[in-house]
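First chain A sits with chain B, and in the next complex the same chain sits with chain C.
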Partner chain A sequence: MFALRGRRNPSLHRPIIEDLEKKIQKIHLRVLFSQGTEMRLLTHNMLSSNIKGVTNGFPLRVEVEKMVEKQVDFNADFLKNMFTKIEWKALFDAAQTMGYTDLPAEAESSMLDSDEFLKKFHHALLELHLEEGALICPETGRRFPVNKGIPNMLLHEDEV
Partner chain B sequence: MWYLCVFYHRLLDYRKAEVESLAHLFGVLEDGSALQWKLPQHHHPDSPFHFVYLPSEDVARNIANRSILVKGIYELWGEGSSYEELEEAIRSYPDERKLPYLAAESTFKITVDSFGKVISFQEQNDRIQGLTYIPFKGRVNLKNPEHKFWLIETDDYGSNNGLPPVVQKRIFFGREVGAADRKLLPTYQLKSRTYLGPTAMDAEMAFLMANQALATAGKLVYDPFVGTGSILVAAAHFGAMTMGADIDIRVVRDGRGPDCNVWSNFKQYHLPMPISLLRADNNLTPWRPGLKEVFDAIICDPPYGVRAGGRKSGGRKLLKGVISPYTVPDDKRTDHIPSTAAYSLAECVHDLLDVAAKMLVMGGRLVYFYPVLREDDSTETHFPEHPCFKLIATCEQILSLRYSRVLLTMVKIGPYTEEIAETARLKHLEFKENHLKWLEEGNLHAAVFSSADPQLGDAGDSKSSKDSKPKYRGKYV
Partner chain C sequence: MSSRPELQAPPEIFYDDTEARKYTSSSRIIEIQAKLSERALELLALPDDGVPRLLLDIGCGSGLSGETLSENGHQWIGLDISESMLNIASERDVDGDLLLGDMGQGLGLRPGVIDGAISISAVQWLCNADKSSHEPRLRLKAFFTSLYRCLARGARAVLQVYPENVAQRELILGFAMRAGFSGGVVVDFPHSTRSRKEYFVLTCGPPSLSTAVPKAKGEDGESCSDDESSGDEENQTVSISDRHRPRKKQKITKKGRGREWILKRKEHMRRKGNTVPPDTKYTARKRKARF
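Then we have the complex of A and B:
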């Protein structure tokens, strides 16, 4: 349609087309530069569904639409510190869903002496990023959307 | 050893608190004792000159270099009320403390500084020339000296700088051990920050907050009202891992586009990205039930309803009782945008303390701003209390004639027990049931912005009492 109009009076409509082209370029840029860190499994391990009446809101099921892997600085002390706070089963399952299968099914603190284990733990906890998808309440099936890497944990009025 | 600690003459309430926090960070005061301070004779507590006792020069250097408000920590070689007295003091300072810094192969620089008066360039030179009795053997290097010496004078400056006058002239001469890196401030200043909101935290204040919170490498810092991330940026600068939440999804998720959002604020300074940003309500946190003691510090500027009001989930009209409870139809659930209700300051602070009591590690710090109305001239301000916390610092910053904000630093000293959790749960319900009452009671906006007219009646008294007060503007600087 633009082409047709443009043929009649090309000079008049060129700005519109240029504008459109710019917009398309911007959309491309947005895809290229969608930087930032998306939701990591550390976050997933801390969250639960807090809908009123729900008693087993943890762990949330991960629904992956788009995920990325990003390199993050390794800090052994932080990992050792975090290990005691982590629910391993939930991390293991979530990592599987994200396609990472190198984690052992069970872990105990003695394994923290192994560099190899720490690297795997680091990768699962901090380097697997969910960009688009959802976290799903295991009890009610309510979807908490993850959009641009931000989990939206806000409840509806009737869930409070 | 006693060191001379000279502060910048600003944010007076924050200065000693900062040094104390940093002393803690660098391993002093582990037994819970307080730092020892001394004032020079006749000096007002708000004077920039203090003496502080620190165990070693390394600690003094670390504190000074990491601080924002320490102009310098000095090994004092001498002081006096005249140059004759100063000379005598320096001459009698032990040689073994002086000579290592005067050696032939070293470089040095002498700076003449003053407080409350101006010393002309010529006078400065004369004063340096007057120090020839100190056997300097090294070479002068003004740009990058190994040893920096300071000659600092303070005199009777009347009431020009807002401090009560010091009658006696005092001259200090010392060797600099460390000093604040104020170059950080132009680097991080808000006017060059890409993504800003209406209540983005001033860079200097954000650094002070991060220092109060002992942010450092390997620690995890959380801000439940993250906004544009201005506080977390400061914590990340000091190496902490950061995490933030906000109820406004447009701020955390979208910002102003792909290159202007919370992430880009971290990228701008080449800082590691936050570990996690999420949209969550401080009133109804999404943390899993068993999770506790994960954060080393919680730093935030809660919305206190003056420049920005807080929101919480639950429906605006629903909580007001204007409409009865409703269910969102199934076909509209996916894209439903929940309505949020106003969040009173009292409830917000209650929730903040509850979340912090649960989620902070033992010894972890909660650092946040609390607004105080200045109209009622009551000297006793009641700050929030919690059985798990000990309040260790209150630093006031006056914002207007009507109100100021106080930076509170609290340390977690007790575990979060079942009993405390239950009390908090009941209080939560109380807040929910008396939604309107709490909104009215805690309404600061009205008190801060109400026009002056209705108060004319009692203004007569308060005005006369204001005039009779000494003109002391210390906290305004």
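Then we have the complex of A and C:
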């Protein structure tokens, strides 16, 4: 009885169909402009090597084979929220390796009021994408390969 | 009989290219995943100030759950062990970053940087030992301690799981508590077989008012047929409890067949012309109990 009630009334299904249509449109758009996902420096700044016995697995050295720049929506609130969590030195070094040199070597929270600084910060954090290359553990020199923008952080059995 | 993927193969093998594509193109799965991740995000109870947060999606698969996070404006990092699933996520151009990693080896993230973590139908995989080197207890411990470390203080982790039984639920929750989390289980639609969903809502830090476990949906008579799909499914559920019927009861009388019946049979055989031993006082005599 309960099962049939929904079926008989087609109007109940309309929102789902509209939803699906929207999703399909989105997927089409994505297929047209898709280039795959790449790793941002935001993620690099969060990652550390967790091989057994490594005391300081941060920051991972970046080895660039191929990188892309992508336009990402600017959001000042997010940057301000993230600023306290970012290791500036690591971001600065990684950005340099990726070939972006406009970032100041030192940063303070007072600089967050300047739009110019935020733009640079935004560009370095979210718009520089690593597609092919590797991340290298600073202590052991272990290489974590990055293929199609996906870092392979799987450890071998003896590293766990 | 079991349809639990955990019992069939390790995740990186079960979700191969074909399975990953099948998974991501099924509109039913997409809908369920979206619903689950929306609910998980709701349980995460992020402050409502419009600031995008950095979230972690553990077992992100092809990024179906991450899409909900992106739609709500958050940045996310997804972790999964299946390369095929991640390749599909990459093809679909999801907005988050993807990592190929094993949650049972611990999350390689800096301490205190993540604002919240969600995980949809993934953590129960940790309870399986898929390789000889796997020890579920150690893997659960590594996962929860590293998760605790990388979350900011006061941040929440919402893990939607399908525990196989009570023992498994206790096991997972036990390791979460030992890692320092406080919180508990939220069960949505506890009276329904199909739409019943369990979420472990874990908070970093000691128990307090803010870490009180939120209320579940559909707990007190609130019907779950408002989403009609689940109502449908519920009616389709087949009860399998009496599939194994008891064997036909053999007719065993207490007395057994008795002397009269044996004499009758012997007479019958004699009439047929068979050689039959003569009837004596020993015929159909009861044996001693020790025989």
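By our rule, the second predicted complex is superposed on the first by the 126 of 160 C-alpha atoms of A that agree within 3 Å, B and C clash if a C-alpha of one lies under 4 Å from a C-alpha of the other, contacts with A are read in each partner's own complex, and residues count from 1 in each chain.
The rule is short, and it goes like this: a contact is a pair of C-beta atoms (placed from the backbone, for glycine too) under 8 Å apart; a residue touches a chain by one contact, two chains touch by 3 or more.
Owing to the predicted nature of the structure, the values given are computational and were not obtained by experimental measurement.
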{"item": "Chain B versus chain C as contact partner of A:Asn152, first or second or both or neither", "value": "both"}
{"item": "Touched partner set for A:Arg143, first chain B, second chain C, both or neither", "value": "first"}
{"item": "Doubly contacted chain A residues - partners chain C and chain B", "value": "30, 33-37, 39-40, 42-43, 45-50, 57-58, 75, 77-78, 81-82, 85, 87, 148-155, 157, 160"}
{"item": "In the complex, chain C residues that touch chain A", "value": "27, 30-31, 50-54, 73, 75, 77, 81, 83, 86-87, 89-94, 96-102, 105-110, 112-115, 131, 133, 142, 146, 150, 152, 225, 228, 231-232, 234-236"}
{"item": "Complex contact set, residues of chain A against chain B", "value": "29-30, 33-37, 39-40, 42-43, 45-50, 57-59, 72-73, 75, 77-78, 81-82, 85, 87, 126, 143, 147-158, 160"}
{"item": "Complex contacts: residues of chain B adjacent to chain A", "value": "217-218, 220, 241, 243, 247, 249, 252-254, 257-259, 261-264, 267, 272-281, 284-291, 293-294, 313-315, 318, 325-328, 333-334, 336, 338-340"}
{"item": "Chain C contact footprint on chain A (complex, rising order)", "value": "2-3, 5-6, 12, 16, 20, 23, 27, 30, 33-40, 42-43, 45-50, 57-58, 75, 77-78, 80-82, 85, 87, 148-155, 157, 160"}
